[in-house]
Each structure stands twice: as structure tokens, then as C-alpha cells.
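Got a structure here, written out as C-alpha cells. Questions coming.
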């Protein structure tokens, strides 16, 4: 009953709050080699808009690249050398807007907003002094063509792994309980660990094959690059699969029949996963409560990891934190389900 | 039967919330015995069997199987048990042969080594070896489940209602197999709601509302029936029941097949008196004879004596 | 009901599923007020036959009339005149006794006053009037089964199908249940019953035994026992059903 009536309400609320396409407080870093009155004015205007918050002041190409790889900013605004000097000379100084297009929707929105602010700045400046325009040069990195598939592939891998692993294990264990085969298994000399392992290993293999086939497909058909180490990508996938499976086992220790297992994994897991992982809706745009919630969503971390590997080509040093979080979550679920797995019937 | 004890229960109780499933049950089963628990649904058979199969913890009391405590020594005990739950407990989408291999596998048993145990049973289902277990008929499923429970050569076999919902032929065949297994000195504990299966057991316990009402060999149970039983055959059974209920000295009058079973204190009434009475009331009586009580008659008598009225509401 | 007093008339009833013959040329009839035992092993074709007789499944061929109506063309009329009870589905567990009566009475279009009167009658005859407002799930199995039977004949059908009605009940209830069946039959309701308890076959007026889709024997229990030189119906059944194996 609670599930039947409560879940739809929760879902609607989640959707309502999560699907906000406007951007607020996106992290933006600035490169301003020769700060002057004009660059300051423009920077103030950008950050006063509410769309962006200033993340860092960067000084070199290397720093920019590093900054993006770590995911510390979504966009970097680069002012040309000797900005106001050029303006006074009647030249057109440029402002480069480099956006992280591994999330193409957000990237193009950020650039559009920034463009809008710059042209308004132009208009004001012109009205005051008739000085020529500043030229904005947008550039997308990681996904210059703004292909949607770049964003969807990591998300879909995540969701499929979650679906196959968590849902299938929970359902298959619940099925054994429902059919009575679990009774026989329990009476046999098998230990809980054996029973769980027996259930889990086939799904690890299945999910792994799934992951590989999606990767191959996206690489050859859609041209999604894998810039980083393939080995690392697969290793992280296995970590996530194990996490999802242990979550599935945990669900099955609560659910006594297939229907409940299905409902639990569908409503309590799948939808929040899709909504709160940052797969479709950028986490930065969510209300703070949901942002906090999204921290507890394993897929959120996994999506960040695969995006980094595939699109940015970063190594483990850039996402050891995320990896650690996933490992930690997996351990919690494994311990919890082994403890909850009953050696007897209720 | 002064042989070694295989199963020993002492004052077992189990309650679910406020519903009492077992109200202090004690009994002993000897090695190699076929011991039947006879009782209707909800009598407590499944709870008892699950406790013995180490699947359920009793609230109170102790139980041991082959000298091993069902609570503390469950790991060792699980190697010795063959258990067949009441529900169909095979993998529906595996074939007959695969199911057998699977269950042999989890007990690390060698099918060839123990095949002699199940040969007679398995040969009957062997023609369907490649059929999925889910597609078998009820009787076949139970035979396969028995094979799977036997393949590791258990010392004690616990069968929870193996013949429920199974037709009379398959039931008969199933029992023939159990009786043959006795030669292997396997202790067999079997639950059934069918009263007529009692006579096939070495000893039985009649169980109702979580209590054992009687425990003995089937012969002794029927011998202990305290009343005299008459069987009346007449032209109208319903009217005969109605009339006999008013007859002086009668304890009960019930329909039994196309006859009426009437019970009375021993020596209180006789057949001639019944014929005379019914004829006076205008009934055509075909025959009145003294009848031997069956297990069912005994069960009914014991139910009434223990004050179990079927119109009582379940303990809320 | 047809004029000849037969509630079920089946002539050469055949039902095939592909190449499998579930019912092979069944010919039998059941008369009004009769208690007809329909026995057979699992998979002998009983369920198929009952489905046809209830108007739930179309036979492949044969002339079959139930309650005087044709099973090919008049299934809706048949359904109004039969009752059905099985061990698996009987009553709604989360409704009270009287709500179940009202619900099932309503399905058959009975007026509320009629339902209440009949229900009160039945409850007092069962001696369980005090359970009127008790939820079914709180009642013992024995009482539930008796109630289920009462509900199945609430609309005074001509024919009631009982599919293993006594599975798992205690022996006292079982005997009382058969007394109820006999009372219903005495009031003119025809009873068509299946069971795995062979001793229950003795309660029937006539018994048919199905083996592999065919009716192997059909007679009174008495005559069957004489014919097959058997002590009881169990032996009769075993002799017949094993013949083919």
C-alpha cells in the first residue's frame, strides 16, 4: 500500500524538482593574464548573473587541462592578453569560452548564457563610449560536435548494469524463496556465501558481457572515443557490477517474493538512479536536498568515472575518490546482505 | 521397537504472533522407522518439520536428530538430512536430469554411487529426463523431488506432505517407494492429511492444533477406540442420521460413504435395537452391522475428546 | 433443465489440443439431484472436461448440453445456472462472511433481501451465525470450506461443480461437508465433484473414472466394487488406472 500510493508521489516530486533545465551556480574558472578595468567589469557581470560561480583563477594551458580533467569547472573563460589595451586601439579583443561538453546540454547552455551576457556587455559599452565589440569565441572540449551520444553512453552503461545486476539478482533470489527451492538449498550443507556466490557469478559475467558490448557498439557505431585506459574502464565496471549485485542481494533479503523484489528495485532504485545520478539532469541544477541525496546514489559516482575515462582520458589519480566511495558502498552492502541473509526461514 | 533413537523432541513450542503452531510436542522416532504425522492443514506439521530440518527455531523445547541438536549443530545436521518441503521445490526451468545433477552437486554427492537408492523411482521418470520439471504432472514432480532429496543418501528423510494433491495411483506408488527405502535403514518422517495413509506407517502421531493427540502404531490406535461402532445402510442416509441423533445412548451419527456410522458406549446398544427403532420410524433399513473403526474414526474421537470443536474461531 | 431430467448430457465429447487428445469420446449423463463423482489421475483430462461443461472452453466435437443448454452457443445461460467451488479459490479473504455472500449473490443478480434471507438461513444451519461479520481470513479452514460451498449454491443453481472441495480439512469437517452435499442434492441441486480421497467416492451416487482421456468405468460405487472384486473404491481406482501403465 505504501509503495502503491507513496511511490508515485515521490516520483512526481523528484521529477518536478530534478527536471529544471535552467542553470544556476555552474562552476566557472577564469584565465585573465592581464587584469584591467574592462576584464574586471565583464567578470563581475558574468558572476553577478547568478548562473555562474567563480571557481578558480588559472594561469596556464596545463592548469586549464588539469582543471577540466578533475571536473573542477564546467567552463573556463579566457581573456586575451592586454584586453583593454586592444580595445582602446580599436581592435576586437576575444574572450574564449571553453566548455566541458562531456555533458553537451549543459555545455551549450553555459556557452549561450555567457554569450548573452557578453553581448549585453557590448551593448552597454557601446552606448557609453562607442568602443568596438568584444568577440566571444566558444569552444567545446571532449565532445566538439556536441554529440548527445557521448553523454548517453556512460549513462546507459550505468543504468543497464544496475538493471541487469541489481534487479535480476534480487528477482532470482526472491523467486527461489517463492518456489520453495530456497528451503532445500538452506537445508543443504551449502553456506550462505556459496548460495549468494552461486547466484551472483552468472550475473557478473552477464553484466560484464553487456558492458563490453555496449562499449563496442558505441565505439564503432557512434564513434564515442575511449581516450583513457580500457583496462581501467573494465576494472571500474566490475567494481560497479559488484556493487549493484550486492545491492540486489540486499533487496532480496528484504523481499519475499518476485513482485516485491521487482517493485523495490524498480521504484526505489531505478528511477532515482536515472533522475538523481546526473545522467539526464545535471546535479548542479537540483535543489540542495536532492543534491545531497544524489551523493548516496552509486551511479552518480560511476558515471563520473566513466566519463572521465572515456571522454577526458584521465587516469585513476583523477577519480580515486569516486572509486573509493564505490568500493566503500559495495562493502557496506555485501556485509549487510551477508548479515541479513538468514540461515533459517523467518 | 527398542532400537536406537533417530529423532528426539522434547516439549517443542512455536508461536507466530498470537497463533500457536506447536503447543509442546514430545516424541521419539527410532532409526529406520517410517513415522507419520497425520493431521489436517494448520495442525502444525509444517512448523514441526521445519524445526527438524533446521529451518526454523523453536520458541521452547529441544529437538535432536541423530544426536545433533537442531539449533546448535545445524551445520553438521544439514549433511545428514534429506528434506522435501510441502511446496513444489524443484527448478521449474531445469530439466529432470539437470535438477538431479544440481541437487547432487550441492551435496557433493555422486549420482552413480547412490543411484541404487533412487533407481526404482527414477526409472519411472527417466523417459521424461529431458523435460522441464515445471511441465511434469503432479505425481511425477513429487517423485523427482523425492529423488533429489535422496541423491546424497541422507540418514533421515523429512517429507512434508509429499502426497497432497497427488492422485491415488501416484500416492500408492510413492508409498511403495518409501516402504522399499526402509530396507536402506533411512529414518523417514512423513506428514500427510490423508488418514488412509496412516496404515502404511510403522507408527503415527495424530496431530491437531499443535498438539499430538495420540502416538502409536496404526493398529494400536484403532484398537484403543473406546466405543462401539455401527454401520447402518438404509434407503435414506440423511433421514437416518437425523433419526439416529435422537436415539437414546448414541454419541454420534455421521455420514460415511453411502452408510451412516453411529458410535455408542460399548454394550450400550445393539444392532437389533437400531433396526427396530428405525423401522418403527418408517425407514427401510438394508443392513446394520458392527464396524471396525478406522484411523479417521479415531481421529474424530480424539478431536472431540480434546475439546477441539471445529466451529471455534482461530485464536485471534 | 431439459425435459428428460438430465442436467448433463454428453455424447461423444472430444477435446484435442493439437495432436494431444485430452477428452476422447466421452459419453455420459448426470440426472437431477445426483451426486456424481468425477475421478481420475492427474492429467487424465478431468480439468479439461469440467472447463467444457462450465462453458469456459469449446469442445472439438460432440453433442453436449448442460442444464438443458448447448455448450457451443448458450454458454452465458449455462453460467447463470451453475455454481463452482474449488479448494484453491473460494472466498475473498479480506471480506467478511456476509460481504462475501452479498458479493457473490450480486454477481448472479440476486436481490439484496433474497441474499440476506438465504445467507441467514445457511449460517444458522451451519451454526455459525455469530461469524456473520468476521473476516474470512480469521476463520478456520473447515468453516471456510463449508461457507464456500454455501456461497456456491446461494443462487440455487441446477448444477454445482466442486473441484477437490475437501483438500486438507480435518475429518470431522470432511464428514459434515459431505452431509451438506447430500442435503443440497436432496433439495434438487446436482453435484459434480472431483476428489483425490478415494474413500469420498463412496459418498457419491455414481462415479466415473477417467484414464488417459477416456471414461474407463461409470457406475455406482457398490457395483464398481463388485465388478472389480475390490474392498473399496481405492482398489477399484488402482486396478483401472494401472491397467494402462
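Going by the order they are written in, the chains are A, B and C; count residues from 1 in each one.
Convention: a residue touches a chain if its C-beta (ideal position, glycine included) is under 8 Å from a C-beta of that chain, and two chains touch if they have at least 3 such contacts.
What you see is a predicted model; the values in this text were computed from it and never measured.
Viewed as a contact network, the protein chains form an open path, each link joining two chains that touch.
Should one ask which of A-B and B-C has more C-beta pairs in contact, the pair is B-C. The centroid of the Cα atoms in chain A and the matching centroid in chain C are 62 Å apart.
Averaged C-alpha coordinates put the centre of chain A at 61 Å from the centre of chain B. Rounded to whole angstrom, the centroid-to-centroid distance between chain B and chain C, based on C-alpha atoms, equals 26 Å.
Residue positions of chain C touching 2 or more other chains: none. Within the complex formed with chain C, the residues of chain B that make contact are 39-43, 137-139, 164-172, 193-196, 208, 237-238, 241, 254-258, 296, 299-300, 303-304, 310-314, 316. For chain C in complex with chain B, the residues that touch the partner chain are 40-44, 127-128, 131, 134, 138-143, 164, 167-173, 175-176, 178-179, 182-183, 186, 196-199, 202-203, 221-222, 234, 237-238, 241-242. On the chain A side of its complex with chain B, the touching residues are 179-181, 183-190, 343-345. For chain B in complex with chain A, the residues that touch the partner chain are 50, 53-57, 74-75, 78-79, 81, 83-92, 103, 106-108, 148-149.
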